[in-house]
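Scrolling down, you'll hit the structures one after another.
You will see two complexes here that share chain A, one where it goes with chain B and one where it goes with chain C.
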Partner chain A sequence: MIGGTDIILENLGLDAGEALDLVARIASRQWGQAVFVDAQSGRRFDSFASAAFGSLSELFVFRDENARQAWERDGLEAGHADTMVYAIAGDEQLTLVIADPDAATLRTVIAELKDSLAFGTPRSTWQSRRSAA
Partner chain B sequence: MTDTADWPLLLDVFRDAGLDRVLGSNRDVVLSRLGDVRGCHARTLAGLPREAQVPVPTVAELVREYQRNPHRVAPVLQALAYNCSPPMLAMMWMVQMGARVDAVDYKFERGQLSRLSVKLELPDRASYVEFESTEHWDLAVLRLAGISKGDGLPLIESFYALR
Partner chain C sequence: MSAAILRFHYTDKGGRNGIRATPTWRFRSSKPPGPHPTGAYFTNLDETTPYLAAKLCIPRRKLSHCFVFADDRGLKQLDGGRGRYEFYSDGDYHVETDRQTRHGETSL
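Now for the complex of A and B:
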């Protein structure tokens, strides 16, 4: 069981793989030994450089390998609730499932992602593709 | 495989990225520029630890990475189309593959000077390399930069293709 709070961020500028790449970058600044896992296939990537985000729509980022094993073994438990980000890239939004959104590290990750998606990536329109269609 | 043998695959990438009209028509110039990027990459990372290394941007590696992560390669190719210099293209590639922008300095004097310097932290998070260019077209690199803030402090996360 994953469990947690859904945090939905608007994403009008990035494709799914691009958004998940950004999640990985931002989380790995907080967690120097971060582990990246394709949340749908369970495939664990060896490193950021070798990760294939282009075809993903869901990503787990764990603080480190110990955290990954703890989540796999025990699911959500208070002792490691602040060691994982589950990101789902959907249509014009990025959903973060965070077990402990009040943890300082995770607050930083959420805030940086929100700001980056809103202000930090090149875009030529602030209109939703849905409303433009 | 040589770069020339991989050219048809690279052409497919250019087409997919919408760059075939500008990059696809001059194979020798493009391959020469990419060879210069590779040379700069090798010189910059020579002697650094294995953990600091970034994959060498051969044509085959660019194609392979595009297939896995098109968003990482497309900005580098757009910078190539903008006539950016080999050092800045090598710098962008390293960032896309996990290096971090540590410092940027730009100085412009109308009609006199356009100088861009970028310092990177490599993936081992202990090694640093620097790139400098006085090629004015390299200012286009900043057009592609992803701007961010972490804990309210300034960051440049990576590079993004214009759409």
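Now for the complex of A and C:
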């Protein structure tokens, strides 16, 4: 009754909303049509620009709307295992639940998140880009 | 008075038949996919939880039946964020009749 791989990253610098924002940003680089969903309420954000992660502690990022629908309808299936990142922000931790951690795209997302959490985020650049969206 | 602690175990039809084969429910320990400890797994998420299959990272067809029981004695929290709602036992897990709340098909 459990699947996927839980990748637990140390997060000493970002609060929950900031950590999820970072996940969204990095996943968006790989998935230009990414869809974001509050994992606790199930609320889908209309766009990244309209998403407010400040009060969230769990976030789904799907590759696109088709992937979101497939996961909601079927859960994990081999055909779309590499199209979702489920992020849970906790005390000094960020957990990524990944169904297919060997997929190239997801390996990149994981590596970039590790680097950003370990070495810091270019926050000013990101915030300016986001506010312009 | 605090609310009763409830734990949920989702399975398919085949799993259901094995668990309820005896009056005391027996949840068999097994090695799950991925790097998770061997055990029997439970959650505190009921079937109305949005994206339940995605959170558990399992096929939705594995949510067709549910066993619900009170008390989480002997269960451990999973490491990491899913420890908020994922629990497991070290070996087979037995639930005597006085802890059994309900079981049956879900709407999933």
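Just so we're on the same page, the second predicted complex is superposed on the first by the 118 of 133 C-alpha atoms of A that agree within 3 Å, B and C clash if a C-alpha of one lies under 4 Å from a C-alpha of the other, contacts with A are read in each partner's own complex, and residues count from 1 in each chain.
Going forward, contacts are C-beta pairs under 8 Å (C-beta built on N, C-alpha and C of every residue); 3 or more make two chains touch, one makes a residue touch a chain.
These numbers were taken from a predicted model, which means no experiment stands behind them.
Once the two complexes are overlaid through chain A, chain B and chain C fit side by side, free of any clash as defined at the top of the document. Look at A:54: by the touch rule set out above, it reaches chain B but stays clear of chain C. In the superposition on chain A, A:116 makes contact with chain B only, not with chain C. In the superposition on chain A, contact is made by A:22 with chain B only, not with chain C.
Superposition on the common chain A brings chain B within a closest Cα-Cα distance of 21 Å of chain C.
Touched by chain B in one complex and by chain C in the other is not one residue of chain A. Within the complex, the chain B residues that touch chain A are 54-55, 67-72, 97-98, 100, 123, 125, 143-144, 146-151, 155, 157-158, 160-163.
Taken in their complex, chain A has these residues touching chain C: 1-6, 8, 37, 39-42, 58, 60, 71-77, 84, 86, 88-90, 93-95, 97, 99. Within the complex formed with chain B, the residues of chain A that make contact are 13-15, 17-18, 21-22, 25-26, 29, 32, 47-49, 51-55, 108, 111-112, 115-116, 119-124. Of all residues in chain C, only 9-11, 32-36, 41-43, 50-63, 78-82, 84, 86, 88 touch chain A in the complex they form.
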